[in-house]
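Labels A, B and C are assigned to the chains in the order they are written; within every chain, residues are numbered from 1.
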């Protein structure tokens, strides 16, 4: 049930990469909130900034090229960007956990499953001996990993892709974090395994009240699993609202264009409406709205000034000079 | 997406030290007759074992001193660049060609061809280098040509190994599968698809082998089974001065230093090349 | 008409010190019947281990079948001599999944696109160049692109180059292996539309291998569903999507998420894992995970039946 104050408040977050080609504004003023027990989906294509946003929240942006240059990240009221490295290490794993796309690289191939789960629990909860083993099995059972006792001695390469992702997630959830960041967790999984995994995630959320930030490019996953959705383009959130609001009445031209260009498994479409042009070069962003060059509804002001957030409905906003909700 | 910049990798666009040293080397090799004041093979026996200019009895006529036959050390070092360069370029050329062909065929064909060629390569790699060289050259007489052949014989397996590895990786790429679908022959695929993509690695390997070859040639010459005297090969020069390290140390030292700087420069260049080409290969 | 009849492809798992003894067999494709007629677009969907990629390789002659035949206009492809084989290769072309590894980074686009044109026929340079220009314009690339190298193009454009390359011999069939999976979402529409347009304009037949059920629905006229090396269902696209017969198809469709959350749907979550191709389950391969398994599903393999007109399934329920 929603608390009075949100668990996570991200306020005008800016993360830039300083390279020879120029300054890449990967995240350029991103703001959103997330309540406990809620799932917010960050949707966008490659280059939209969704992964960098996640890395910024846990301050794991690759340095020295990348740097968080502005904004605040408040977790239960405390600004994570002001914390010292030692304090941040305590936050990671304990309060915020991450699950990444490729479980083969997030699990150490040279260590058994049991060792890897134990490492995290021991570090954050200071538990040893028989109670450690209990906690490990508890963590694995939470993700419904069959034959957990036997699995403790298995190495990652002995597990299937879906099982590895579950182990990764078990490690992430082992300390019952308040926030779980899942960056494309199912992209490398088979469709039916993906369905299993997303169901599991929902169960865990219901049990533990964890808030989930789900990053994906798949609108289908968003539709089925997210309470709220934020659509990202060129480092900014261009539309945000509840899933129903954004899908039923998308108001930003990019969201509208995306929904029109995706094939749907339940509808036989006669035509996919293409989005012309190419994604923008983040090192050479023009002033104004980054989507303007490809926008069919472009106005003169769109290339001059970045649009303000327009309230479409309660909790539904779009950054657009000509935002109009449309049935797609 | 992002190229490494000066600030982050600490690596300048072109490595200065190796570039300068190697440029000097090539320059010296090309223009030796104009740079060296004296004939490297003939000496004035009256002026033998003169020390370098900054010591007593040294003169500017012989800035780095003379050896025990009265030959100018500096001129010999300069002419020595020709031998080192020629031996390494030719030996690497021969070994590289043979090794590359073996590697390409072995990697692409697989099966028993691969097995046989790789066993040959393994044998080649496990031969004790100096020992074999000595034996081989002892059987024939020491000559410029034989040194090159011996070195090439010992060197080709390294190329074969490396090229085979690259070939295996490239073979997995979709464009090779497509060429098969398009009905192209193996020879065509190897020459138009595999080989051009092997070239960057080949360049790196060649560069890194130069140092090894120079040292090998130096060792062989030192042992008396390399380039025969009175050629101003650096290894021979070091051997010549071996008995006088306490009294006429300059005879061995300067060719030794020349070898050191050359090999160092070449290795640094090879490292730099490898770093520059490697990530780009993957990105392409 | 391109047909595969009783196709099987087993890969040996070698063991032993000399790596020569076969200790088991991976049954990648285990008795598959498929066919595509001119002008049709057959989507072959399945998850990892279903054998769909291996099936594509069989049709492209990149692998030789362990058993079964491939018929091209009724003739056995394995019996083809050099000329017929060349003709087959010209008529059946391919587009692969990864736009970054399917183009040789050291070749110019001109050379890449012209590659399938047969060397033996000695087509003149200008003829080749004309052909290349023609197909490049068909896929929406300018003729100046021919002199550039692949790295100067984006992913979507590279895939267009790959499509142009597949068109240059005026093929009748194109086998597409996950043609849009590696592309950004907004680019997928461009390529899917292009493929659809070419299909209609040139009367090309497609065999499209994919795990993306939405893309398959958009592009295909017919659909075949594969599981653990076998085809479990096949029919027209609309029929299979709206009235699936096999329980696996049901589960697959329900796992593929639609865009409209407001529509009511039945969620079928399968338990268990995709089967191990070394030791597939006995009887019907799907029985351990099937929510509607009957007792004899474990012992007997179901027969391939035409359950409705033009709609086939291999399931004991029918």
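Just so it is clear, a residue touches a chain if its C-beta (ideal position, glycine included) is under 8 Å from a C-beta of that chain, and two chains touch if they have at least 3 such contacts.
Please read all numbers here as calculations on a predicted model, not as lab measurements.
> Chains shared as neighbours by subunit A and subunit B?
C
> Based on C-beta pairs in contact, work out which chain pair has the most and send it over.
Ranked by contacting C-beta pairs, first place goes to A-C.
> What's the chain with its C-alpha centre farthest out from subunit A?
B
> Centroid of subunit B to centroid of subunit C, CA atoms only: how many Å?
For subunit B versus subunit C, the centre distance works out to 50 Å.
> Report the inter-chain centroid distance for subunit A and subunit C in whole angstrom, where each centroid is the mean of the CA atoms.
One centre to the other, that is 32 Å.
> For subunit C, which residues are shared contacts with two or more other chains?
Residues: none.
> Okay, in this complex, where on subunit A does subunit C touch?
The contact residues of subunit A facing subunit C are 45-46, 160-163, 190-196, 199, 217-221, 223-224, 243-244, 247-248, 257-259, 261-269, 271-275, 278-279.
> Subunit B touches which residues of subunit C in the complex?
Listed in rising order, the residues are 60-62, 85-86, 89-90, 93-94, 96-98, 101-107, 111-112, 115-116, 118-119, 150-151, 165.
> Per the contact definition, I'd like the list of subunit B residues that touch subunit C in the complex.
Against subunit C, subunit B makes touches at 173-175, 177-184, 188, 192-193, 196-197, 199, 283-284.
> What residues on subunit C touch subunit A, complex-wise?
By the definition above, subunit C touches subunit A via 47-48, 154, 184-186, 188-190, 192-193, 211-215, 217-218, 237-238, 241, 251-263, 265, 267, 269-271, 273-274.
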